[in-house]
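What follows is a set of structures for review.
Paired with subunit B in one complex and with subunit C in the other, subunit A is shared by the two complexes that follow.
This part shows the complex of A and B:
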C-alpha cells in the first residue's frame, strides 16, 4: 500500500513539474505615468513639382506649428535628423528616427498641377512600432488654400495619435480693438484659429460685442450699438450681409447664442429695467420668454443636445450659474463656490461647462461638471473673461485684459487641464472670441 | 573453552607470522626494461638545443637585377552591375479634380472671408516594401525536383530553330525558379499556415478493468503500469529536445518588481491621450529576452476595460510605446531569475492620470 502511494506520489510530482515550471507570467500594474509632449518629426514635405518647393516647406511648418501649439506634441528640430525623406514613396528608415526619439513621423509631398491646383499628401508613421499609422491621405485644392490643407493634415495627425477630433481647420470670430482705452475702435474680425488670414467683417463706426458662430460656421450673431441701443444682428459670413434679429422699441437685446440645430437663438432682453431670457425662432421671428424673475438672467448657452440651457443669474443675491430646461421651467443652481460666476458655455462634448469666475479681486477661467462638481480653475489674472470652446472641447480661448490706462485686451488659449496657456496671434487687440466648428 | 582459546591463539600467531615473514608486505618486483644511455658533454647538449645559427662573417650580396618589364596592374574584376531594380509600385492616385476657383473679393470693408475650398481627402495606397535586387522581371514556376537547374539562361527554342539544326542530345535543364518580388517566410506563413489551431486530440478511452483476475496479479499489473508511465515520462522528457537550462531562481522580490514598474512608468506618456483613452485600462503581455529587452513583436493586448474602439487602441499604443522605449536598453531584472520574468503581463491603469 505504502509502495503504491509512493509510486503515485512520484508520478504526480513528475507530471506536475512542468506545470510548475510554466507558471503564470509575472504580473505588474502600471499606474503612475508621465505627462509629456510626444516628440514628433515633420521634415519638409517633398516637392513633387519644381514650383512647389516653398509650399512644401511652408506646409510642413504649419503642420509642425499646429501640433506643437497644442502642448501635446514636441517638434524635433531638423538639425537632429539623421535621415532625410527625399521621396514620398520610399520606405522609412525607422531606426534613424528612433535614434532621435521621434515617436511619430510625418512625411508628405506637395505638387502644383499644371492648371494651378495644389495637391498635398501625407503619411503618418508610428516610429517605435515601425508601422504606418492609418492610411496616407491626399488633399486637393487651390494654391491660396494651402494653409487649410496644412491644417487638414494636422487634424488627421492629431486625431490618429490622440484618438479624439481636432480643431486646426477652424476659424475664430472676435472683436478687434484698436486705439486707447477711452477711444477704442471695435470691429468684427475673422481669422484662422492660429491668427492667419485675418479679415474684417464690420467697420468701426459702431461698437460691436459678443459675436457667436452658428453651428455650421456660416452665420454670426453679434450685438451692435449702431442705433444707440444694443441690438442683435445676424451676419452671413459668405456674403457679409446682415440683418437685425430683434428690434422692440424701448428694449435692449444682447448676449445671443445659436441652438445646436441653428434654428433658434437664445438671448437676453432688458425691458423696464428687468433682464430675462428669451428664445426666438430664427426663420419665423416668433419669440418665447423663458424666465420671468426680477433678477438679471443673461449669458445663456445651450447644451449640445439642445435640451437644456445654462445661464447666469443673480436671483440668489450673487451672480451664480443655473441650468434649466430649454423651454423654461425651474432653474437649478449648480455653482456654490466662493466669488461670482458668469458667462457660462457648455462644452461641445457636453460634459463640462466653462465660465468666468471673479473672486478676491481676480478673474479666472474655470470649468466644472454640469452638476457643479469638480470645479477647476484654469487661469488667473487681472481680467480673464468670455471663454469659448474649441470644436473638440479640449481647448478654451478667452479674453485677457491687462491693468492700467494702457491696458490692452488680447486673446489667449488654455488646455482644459490648465496647461499650455498661450497668447493667440492677432493684429492689434482682441476680445470676445467665438470658435467656429471644424470646416467642411 | 580453553581449547578454543588455544586454537584461536595458535591460529592468530600463525597468521601474524605468515604476514610478517611470508612476504605479504614485501613489494612485488615489477619487470622493467633496461636501456643503454650515453653520457654527453655540456657543449654537446647546447649544440643540440641551441637554435641560433652560429655567427658567420657577413657578406654583401647584390640583389639580382629585375628586368624592367612593364606590368599591367592587376585587372580589377569587371564590376558586376546589379540588375536594375524594378520600380516599386506607385500608389494609384486619382486625377485631381478641377480646383475650385479662388474666392472672389467682395467689399473693401468686408472682404470675402470664405477661405479657399479644398477637396475632400483621398486615401492613399499603403506603401509596399521596396523591391529587392534579386527579383526576376517575370516569374518562373518552381521546377520539378528531378530537373537540373541550368547555370545559364537558355534561349527559348522556337519551332524554326528546331527545324534548322539538330543539336546533340543533352541533359534536360530548366530555368531556376524566380518571382517578381521576394516573399518572406513570414509572409508565406500567412497564406500557407493553418488558418486556425488544431483541435486537441480526444482523450483516450479508459481501459476496461479485467473482470476476473486474482488479487496478486492485479497488484503486479498496477505496479507495472505505473512503471510504464514513469518510464514513458522519463523517455519522453529525454526525447524532447529541451532548451538549454535557464536560471529560474526564486520569485522576484518586491523591490525588483518596483524597479521594473518604475522603469516602465518613466516612459508611459499619457499626455497625448484623449480623455476616453484615459478611462481605459489595458492588460498587455510582453516577452523578454535574457538581457531584459522586450520583444516588440510579442507585445499584445490581452484585455481592456472602460473604453471602446479607438480609445482602447490609443491606450494600447501608449502602453506599447512605453514598453519599447524604456526597454530598449533592457529592464533592470535579475538574470538568475529569468524564468520568472521571461513573460510579463502589465496592467496599465490610468486612473491616477486622468485629467478630468
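This part shows the complex of A and C:
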C-alpha cells in the first residue's frame, strides 16, 4: 500500500529525509469489523533546548492521549520501555520496541527559540517493518500554541496509519450548564475538542441553545432568549461580536445551521404556533420559506454538497426524518422504524445521517444511510440527543442527560461503529455540542 | 520555519485573549423583555387580596393550564381556567400578557420548542375567542428549558407541560 502524504498540513518536511515510498504493513482499516487497538509508544519528546523539557513531556502526553482516545490505538506505558529516545536523529533501536510489542513508535523533539517561538518535530516508525512511515514533519508556532502543535502531530499519525483524515486539531462550541434543573444557567462556551482551552462566549443572563459552527469555524450560529423571545444570532469567533439575524415581531426563530458555503442559514421560524423551515442569505438578510405545512418542521441540516436538506417533521403524526431539495419541494420520508426521530445531521462524508431516536422511554444516538436503510443504534440512555459529527465523520459527539431531580447534562462521544463511548471533559455540565472543522 | 503555520497559531492565540475579554461585556437584553411567570422568578407583584392585582390573577384566577403528552389541545379543565383568565383580562385593561408554552423533558430540544409554541398559540387563540384583543397577547415557547417540577416521572412531567399566562403592564 502506498502511504498517503498529508499535503493539507501546513508543515515542513525535514531536509535530507527522503519520503519512504515503499509499502509498509502498519495500518488500521477502520471501515469495518472489530478493531484490535494498535499498540504504540510515544516516549517523551527530546528537549532540544534547555527550557523545553516540560513541553517535550507534555506534548508527547497530548499525542498519546489523542491517539488512545480514539479507541483505535493503545498506549504502551513508559514503565514498559526497554530503551528510550535521547536524540531525535539517532537510529531507532527497533528490537527494543519490538520486544514490548510497540507496533508504532512516535519520536519527537521540541525546542524553544531564543525569540520565544516553539518548534516541534516528529517521526513515525513502523517498528515491525523497521522503517519510518512517511517523512518527519516540523511545526513552528508560539509556546502558548503547544497543544495545537501536539494535535497536529496526532492528526498526522492518525492519518498515516488509518489512511483517513483526522480530527484532533479541532474545537467544540457547546452550552455550558450550571445550577439545578429548575434554575439552570446556560452560557456558550468554546474549547479544544479534548476540553482544553475553555473560553466562555456569552454570560448566563439569557438562555442560549444549540450553537453551530460555520464551515470554516469562524462564526457560530445560536439561539438566545436575550430579548425574552428565542432569536437566532450569529457570533464572530475572533471578535466575539454578535448580531441578531431574524427578528420579525410575533415570531420565534431557532434551530439554525449554515450551508456548506457559509452563505446561507437554514432555520425554523414559528408564527401563529406553526413551525416551518426557512433559509436566509446571511449577507442580504433575504429569506425564503421552504415548507408550508400545519405540522412542525424543524432541525434542518444541509447535505455536504448543499443541494439537499434533512429535517424532522411530525406531518405523519409522529416525529420522522425527511429529505428534500435545498430550495423546497416535496419532502421524502426516510425513517420508518419504531419510535420518534429527531435532530438529524448529515455526515461530512455525505453517506450517513446521525439523529436522535426516542423509543419506549429511552433515547438513542443512531445513524442511517441517506436512503433510510441500515439504521444503527449507537447509544442508549435516559436522554441522549443532539449529535454532531467529527470533521472526518468517524466520531459523533452528543448530549447525555441523567435522570431525576439531580439530573445533569454532559457531553459524550462515540465512534460511528458504536464503540468507544466516552465522556468529554468539560468544566461543569454541557449540552448541544457542535464540532468545528479541522483548523488550518 | 513555516510562516503559514506560524500565522495560524498566532491568530488562535490572539483569539483566546479576545474571548476572555468579551465574556463579561455582553450588553443587557432588548426592549421587549418581560419577567418570567414562574413564582421562583419573583415576577409577580401586588397583594393577593386585591382582585385586580397580578398576584390575584396568578393564584386565585390561575395563571396556568396543563397539556397531555405531545398534545396542544385545551382540555375542559384548562378551558374553565382560561375563561376566568379572559374575564380577568377584560376587567383589567391595564394589563397585557405573554403566554409561555412549555414541554416536559421527554423530547428533543427543537421539537419541544415547536411544541411549546403550539401550546402557547392554542392558549392565545382561546383567549382571543373569548374577546381579548390580539395585540394584548404575545406568545413565547421555552420548550423544555424551564421545568418547574424536576423529577423524571409523570408526576413532574404533567406539571411541566404547561401554558402560563404572564401579565405585563400594557
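To be clear about the criterion, the second predicted complex is superposed on the first by the 406 of 440 C-alpha atoms of A that agree within 3 Å, B and C clash if a C-alpha of one lies under 4 Å from a C-alpha of the other, contacts with A are read in each partner's own complex, and residues count from 1 in each chain.
Assume contacts are C-beta pairs under 8 Å (C-beta built on N, C-alpha and C of every residue); 3 or more make two chains touch, one makes a residue touch a chain.
Note that the coordinates shown come from a computational prediction; the quantities given were computed from them, not determined experimentally.
K.L.:
According to the stated criteria, A:90 is in contact with first (subunit B), second (subunit C), both, or neither; which is it?
P.N.:
After superposition on chain A, A:90 lies in contact with subunit B alone.
K.L.:
Please work out whether A:136 is in contact with subunit B alone, subunit C alone, both, or neither, and reply first, second, both or neither.
P.N.:
first
K.L.:
Considering only touches as defined above, state whether A:353 meets subunit B (first), subunit C (second), both or neither.
P.N.:
Neither partner.
K.L.:
Applying the document's definition of touch, where does A:210 land relative to subunit B and subunit C: first, second, both, or neither?
P.N.:
second
K.L.:
Is A:35 in contact with subunit B, with subunit C, with both, or with neither (first, second, both, neither)?
P.N.:
A:35 contacts subunit B only, not subunit C.
K.L.:
Does subunit B (first) or subunit C (second) touch A:312, or do both, or does neither?
P.N.:
So A:312 only meets subunit C here.
K.L.:
Go through the superposed model and pick first if A:182 touches only subunit B, second if only subunit C, both, or neither.
P.N.:
second
K.L.:
By the touch definition at the top of the document, which applies to A:72: first (subunit B), second (subunit C), both, or neither?
P.N.:
Touch status of A:72: first partner only.
K.L.:
What is the contact status of A:145 with respect to subunit B (first) and subunit C (second): first, second, both, or neither?
P.N.:
both
K.L.:
Identify the overlap between the subunit B-contacting and the subunit C-contacting residues of subunit A.
P.N.:
On subunit A, the residues that contact subunit B in one structure and subunit C in the other are 10-11, 117, 119, 138-142, 144-145, 148-149, 190, 197, 199-203, 237-240, 439.
K.L.:
Which positions of subunit A touch subunit B when the two form their complex?
P.N.:
Touching subunit B: residues 3-4, 7-8, 10-11, 14-15, 21, 25-38, 72-73, 89-91, 101, 103, 113, 115-119, 121, 123, 126, 128-130, 132, 135-142, 144-145, 147-149, 152, 156, 161-164, 171, 190, 192, 197, 199-203, 237-240, 351-352, 374, 376, 416-417, 439 of subunit A.
K.L.:
Name, in rising order, each residue of subunit A that touches subunit C in their complex.
P.N.:
10-12, 117, 119, 138-142, 144-145, 148-149, 180-184, 186, 190, 197, 199-203, 205-207, 209-210, 226-230, 237-241, 250, 252, 254-255, 268, 270, 272-275, 296, 298-299, 312, 314, 319, 342-343, 356, 358, 361, 382-383, 385-386, 401, 403-405, 407, 432, 439-440
K.L.:
Can you list the subunit B residues touching subunit A in their complex?
P.N.:
88, 90-91, 93, 96-102, 106-107, 109-127, 129-130, 219, 222-223, 226, 229-230, 233-234, 248, 252, 257, 260-261, 264-277, 285, 296, 310-311, 313-314, 317-322, 324-325, 339-353, 355-356
K.L.:
Quick check: in the complex, which residue numbers of subunit C touch subunit A?
P.N.:
Contact set of subunit C toward subunit A: 1-2, 4-6, 8-16, 18-24, 26, 28-34, 40, 72, 98, 105-111, 113-115, 117-118, 120-122, 124-125, 138-142, 145-152.
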